[in-house]
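The same subunit A turns up in both complexes below, where it pairs with subunit B and then with subunit C.
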Partner chain A sequence: MSQSQPANRREDLRLITGRGRYTADVNLTGQLHAAFLRADRAHAQIVSINAEPALRQPGVVAVFTGADAIDAGYTQFPNLMSFAGRNGAQILKPERPVLATTAVRYVGETIAMVVAESALAAQDAIDAIEIDYRDLSAVVTVTDALAAGAPQLHENVPGNLCFEWETGDARAVEEAFAKAAHITRLKVLTTRVAPSPLEPRGSLVSYDAASESYDIYTPSQGMMMLRKQFAMLTGVPEEKLRVHTNDVGGSFGQRSGVYPEHGALMIAAKKLGRPVKWVGSRADGFMSDAHGRGIEIAGQLALDSAGEFIAARYDFLCDMGAYLTPTGSISHLRNPATLMTGVYKIPALYGAFKVVLTNTVPIAAYRGAGRPDIAYAIERLVDRAADELKIERSELRRRNFIPADAFPYKTPTVGVYEPSDFAGCLEQALTTADWRGFEARRVAAKGRGKLRGIGLSTIIEATGAGVFPKDQVAIEVDAAGKLTVYTVSMSSGQGHETTFTSVVADTLGLPHAMVTLRECDPARELIGNHTGGSRSMAGVGSVCKVAADKLIEQAKPLAAEELELEPSQVDYAGGEFKSRDGEKTISFVQLAQKLAGRDPHPMNTLAEATVGSTWPNGCHIAEVEIDPDTGVTEIASYVAVDDCGTVINHQIVEGQVHGGVTQGAGQMFQEEVIYDRASGQLLTGSFMDYGMPRAGLVRDINVGDHPVPSKLNAIGAKGVGESGCTASLPALANAMTDALRPAGVGHLDMPYTPSKVWHSIQAAKINPSK
Partner chain B sequence: MTKIELTVNGTKHSREVEDRTLLVDVLRDQLRLTGTHIGCDTSQCGCCTVHIDGRAVKSCTVLAVQADGTDIVTIEGLSNGDQLHPVQQSFTDCHALQCGFCTPGMIMAISAFLKDNPQPTDEEIYHGLEGNLCRCTGYINIVKAVKRSAELMK
Partner chain C sequence: MFQFNYVKAKSLSDAQALIAANPDAKLLSGGMTLIPTLKQRLAQPSHLVDIGGLSELRGIEVKDGQLVIGAATRHYEVASSAVVKKALPALASLAYLIGDPQVRNRGTLGGSIANNDPAADYPAAVLALDATIVTNKREIAAGNFFQGMFATALEEGEIVVRVRFNIPPRAAYEKFAHPASGYAMAGVFVADGAAGLRVAVTGAASGVFRWSEAEQALTKKLSPEVLEGLPLDLTNMNEDIHATREYRANLARVMTKRALVKMLAGK
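And then the complex of A and B:
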């Protein structure tokens, strides 16, 4: 496919001139405003709620409580877990009314909703609601939650353990471990983080009594996925729910699921007969937007005397927070399980998972959703094994890569990897980063009193296969010959308006400006998956190609009629239909204009394809320099070499890598959601306490493409949305470990804050680790 | 309620506001200038940055009554007709935005910053961006856009 590269994104103009339309920008005539009373404690029984004082406040129209949630029957959230656990047990799903009824289980849980004539009036009245609690002990870590005698969150979840699952071959692993020449062990934690897209969560809901249907304006990652969840939560049929999403201010997985506020607003809009709008604050966000990660992994890697991997075992403790989100449990199990072998040939694998509930914000998919966590565990184990066995780190990896002739490679767990070039990615990254020249830089840094280290990761991901069985794309042609492409995925910064339209325009040989994209138009019923799991370019983007190809074939007989030829005698190239001999031609635009009188336009096309997981992979190399006097780390250089398959737009790929790596660096150096262990209070509840990355954290990234086109979809894309997070966590941690080793510091868990680094260096002076 | 008069993007407005009303709420809810965004409640994110009498200010941290009599420019008023402001042009040229939510505040902050410091060093740019958060871009292309803006504004 010829890929012209537009210099500027199609969506930019409105966004840089203030004409974007995010959810808070939408208003409906006659709308009311909602505010939520949230739990101010981590675990308590609700003894009584008195909403009367709030109802007497000026401007207040109604107050809704858990009783209304029970009346509506909005008490069971969808959970997408699709397989059974140990001994065939199903995941235990705690009840979760959209407004709490008998108990609260995390700071920030929705208890009551005030609806008033203005947002301020609603907010003011919240404080007037009287509530009596009976406090209970809280648990905020998985270890505490699983301890004997721990406080119980839910009656139907004994021991706070809602699911146990195992995958792989325990016996084969045991046998391999028994004969191993060496076993490397390391327990790592991927911390709980707050995804924090910059647009706060919010929704506006209106109800039409005549048709018993709802219009829901909300940020989303794709309308079908969200609509399905609304239906599952509320029992309202999908055809009675219209989801409206325009611009979305970042998502990162956090917007993939339905939230309690959605359900509560639906209750209010129906009961009051007026639209009801809620726009959350950042404080609301920290204590109620789904958090991400929060997985402890105890890993063991067995090697033979030649330094070849013969088995690996991982024990996962997955923190899910106080309730199950739609996506958190399945993504934190399936993704690590699929990728337990990493990029290596490991004949025997076993993983055991425990899904645990704690008195914290529920956890959902966050950029990578289990993929960064398993990559982090594997890549730190491999580095540690290299150190223990004194084998050069890149050499140990090279020795164990799945070889080029082994593809398609069926892993010992559940995946079948498509062709990749792990060794080629590694070599390109090593060369770009001047890996072999590093020791001179370490020495030079030492001369400046700094600790310099280098680290690499070689990683693979399985992109989201999707919840719906296929992705559909519609193309409509107007009287002027311009095209509108319809999809039901949703960009929240990924630039679909630029890339999807370029796929269609380039296939048709038309100027990009002739094609526009309309995502998630509630008036268009299309089947399709949401944007998540790095899947949209490989999934929906490839169906754009299928649709454009189909449009050409569909239009050839129409062109043949105009040209007075047999359809078989018509070719299409460069925006023109022409006879085989090239004598007769009609342009795409001319044909579209000639046929404009027919309704619907006969060139309109609906195409579909089933696109499962693709397998992006890559090698990232980070170089860090630590000031041992302050513990402050600087990322001295960063190289990313990604095989994301065919690159449709390098600028956008680069942007995805920049953003992903910076989120990884944020998690590695400063971000962490912290709860007070004794009280369960959230200590990182604002941008003043939570370590969001700022300008200068990552100063430059050398982004290199190493494409091995995918054969699993029509355009060869593999996906790139999450590789930045997945590869950067281990690359940065391995660099930090390398830098700190000469100071006598061994394993540290993220985040490498200046305080932690400095104290570790001081402690090592007294008691060096081995 | 207090009566205030504001000039916003060259147009005079007179409004009755509560004493506690924030400037950003007047801009968004009363004047329907929704290009100015609200991304936090602690003055950290900078999404709400506007120019008041030529200075970049976080409009979530200013009472509307404090802005009485001032001349305000929001993202909607930054370009000169169809001619984009150099910072706007640089943001699209450098792919310095993805979701676009932080972008208006970034552009307003940077356009004022470059008036004070027309040729900033990298360190000065990082410092100048301290009050604006972006979750999508990793800032690398935003820093590039600042440098390109400085070139265009020479």
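And then the complex of A and C:
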């Protein structure tokens, strides 16, 4: 297809000048306001709850509690786990009423909802609700939760272990380990983080008694995925649920699932017959928006005497928090399992997973959703093996890459990789970063009293195949010949308005301004997946191309009629239908205008395709400099080379990489959700304590494209939404390890806070790592 | 936020009367601590008496050899003031390091010292420069003003009007900003003036303090290396999820060293 000119993002002016329309901006006539009473402790039985005093507060209309959740039957959240565990066991799903009934299991859990004439009145009345607890011991780490005698969160989840699963071939791995020349072992932790999108969570729900249907205004990553979950939670048929999403300020996977507040607002809107609105605060966010990551991985890599990988084994402990979200459990198992071999040829693989519940905020998919975690484990292991065997790090990788002639490559676990050029990406990154000239920079830094290090990662991802079997795109043509593209995915910063419309406009040879995008219009029901797993450009963007191609074919007979030709004699190029001899022409716009008045417009098109996983990959190189006096790290340079397939718009690719790398750097250096181990209290409940990355953390990111177009979809895109996170965790950690090695410091778990780095350097002065 | 009455004071005496008449009233200057506290429903004042706009509380001048700054002067005004930059450039650079642009354009000197957050920047300068805090009732020497975490010598209804800073020939401030909050994890103001050498440390401990061992050692020899191995009491150092007390003590030492180097370089 024709490569579009890099266009500035069409949505930017609207969004950065405050003209975006977010959920909190929506108001309905007669609406009421809700506020939630949340658990102030991590684990307790609810002995009694008395809402009467709150009901007497001025402006209060109603108070809802767990009893209302039970009456409505809103107690079982959807969970998308699609396979059985060890010995055929199904995942144990704890009950989760949308308002707690008998117990609370994490700080922030919803207990009661006050509905009042104003948000302030609702909030004031919360304090009047009387509640008696019987405190229970809390567990906030997987290790504590699995320990003998640990407090039990749910009766139906013995030992707090809700799922065990294994993948690969345990015996083959065991045999390979027995004959290995060398085994490298490393246990790593990807910390629990709070994604914290800019727009707080919130919803507005209205109920129409005549049609028994609901209108739900909420941020989302795509309306069909969320609507399906609303139906699963509430039993309300999908056709009775209209999900409205306008602009969304960041999602990161956190908005992929239904939340208790959604269900509670539905109960209230139906019972009270008035719309009910709730807008969360940042404090609500920290204690109730789904968290991300939280996986411990014990990895082992076996090599033969030639430095070739012969087997690897990973043991995962996945923290799910107090309840199962729709996504967290499946994404934290399927994605690492699919990518367990990384970009390497490893004949024998085995992974064992334990899914564990703790008294913490439930965990969901978060940018990468298991992909950064496994990439981090693999790439740290490979670096450690290189160090132990004294093989240059890039050389060890090159020696073990899946070779170019091995594609499609069926991995020993569950994936089939499409063609990629791992060695080419590596070489491009090494050159851009001047990898070979690094030692001089290390020496120069040493002269300034600094510890400088360099690290790389070579990674691969499997993009989300989606929950729905296909993605549909509709194009509608108006009387002026302008086009509106409809999809049910949702942009929350990805720039779909720019890219999807450019795919359509470029295919049709029309100016971009003639095409606009409308996502998640509840009046136009399409089948399709949400935005997630880096899939939108490959999954929906490619169907935009299919739709535009179909539109041309559909219009050719119409143009032929106008031109008085046989349809087979009509060609289309540059926005014009023309006769084969070039004598007769009619432009797209002229044809559209001529056919206006027919309803529906005969050029309207609906197209669809089934698009499975694609395989973005790349090589990132980070260079860091540590001040040993303070333990502060500066990211001195960062090079990203990504094979995201065909690049539709490089500026948007850069934006995605910038965001992903910065989120990765945030996790690596300062973000971490911390709970008090004894009490289960959340200690990082605001931006005063939670180290959200700022723009200055990664000052200069060099983004290079290394496209190997995908053959798995119509535009050749592989996706780029998450590679920044997936590649930066290991690249930064490997750079830090390299920088700290001369100081005698070995592997450190993230985050590399100044205090931790400084203490490690001090400790190594007394007792250096080998 | 709970409901409250907002009153914009017309004058200092008006503010004084309003505070006296309403025992549950609070003074509002820049609001950089008070407003977030209200938003978290951690305070429930009956009235907010806004003194942020009072002309009696504003202004920057050099008078009788001292730099005098009105209590409601905003951080940005101090940071960008030609008068401050000329008389006491270390104070201008300190003000520039407070918070972020929004905070610097709202927050005030008086609000900062009256609140006495143990990690605020200004207390280090006020203490190191032996400043005088002028209130609507009296004058208080810096050494008597700060009384530990969020505690000051201010009495009920007492309002900071202005602060008089001594102008030393040389001074410098170095700050290690907390990665999340931007507050000082350790901030050190070093001054070499008529009263002798001063080292005041904020952020590291439960309140701003003078590192007397460092002052004595540097008085004997004004050189960074004397700070190596010098005792620094860990007892009152803060320890939390972000950093140990040992680390904060190290930061205090390193920031002292860097402030000293900066001061000696005349920057």
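The working rule: the second predicted complex is superposed on the first by the 768 of 770 C-alpha atoms of A that agree within 3 Å, B and C clash if a C-alpha of one lies under 4 Å from a C-alpha of the other, contacts with A are read in each partner's own complex, and residues count from 1 in each chain.
We adopt the following convention: a contact is a pair of C-beta atoms (placed from the backbone, for glycine too) under 8 Å apart; a residue touches a chain by one contact, two chains touch by 3 or more.
The structure displayed is predicted, hence computed values, not measured ones.
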Which of subunit B and subunit C A:R741 touches, first, second, both or neither: neither
Touching partner for A:Q651 - first (subunit B), second (subunit C), both, neither: first
Which of subunit B and subunit C A:T662 touches, first, second, both or neither: first
Touched partner set for A:H182, first subunit B, second subunit C, both or neither: neither
Touching partner for A:T630 - first (subunit B), second (subunit C), both, neither: second
Touched partner set for A:K482, first subunit B, second subunit C, both or neither: neither
First (subunit B), second (subunit C), both or neither touched by A:R399: neither
First (subunit B), second (subunit C), both or neither touched by A:S196: first
Subunit B versus subunit C as contact partner of A:F687, first or second or both or neither: both
More subunit A residues in contact [subunit B versus subunit C]: B
Contact residues common to both interfaces of subunit A (with subunit B and with subunit C): 120, 281, 283, 687-688, 692
Subunit C to subunit A touching residues, read off their complex: 1-3, 39-41, 176, 179-181, 183, 241-244, 246-247, 250-251, 254
Subunit B residues within the subunit A interface of the complex: 18, 20, 28, 33-42, 44-45, 47, 74-76, 78-79, 84, 88, 91-93, 95, 97-104, 107, 122-123, 125-126, 129-130, 132-143
Contact footprint of subunit B on subunit A as seen in their complex: 7-9, 11-13, 15-22, 24-25, 120, 195-200, 247-250, 252, 279, 281-283, 492-495, 651-652, 654-655, 658-663, 686-688, 692-701
Sites on subunit A touched by subunit C in the complex: 120, 123-124, 127, 281, 283, 629-631, 669-670, 674, 683-684, 687-692, 753-755, 758-759
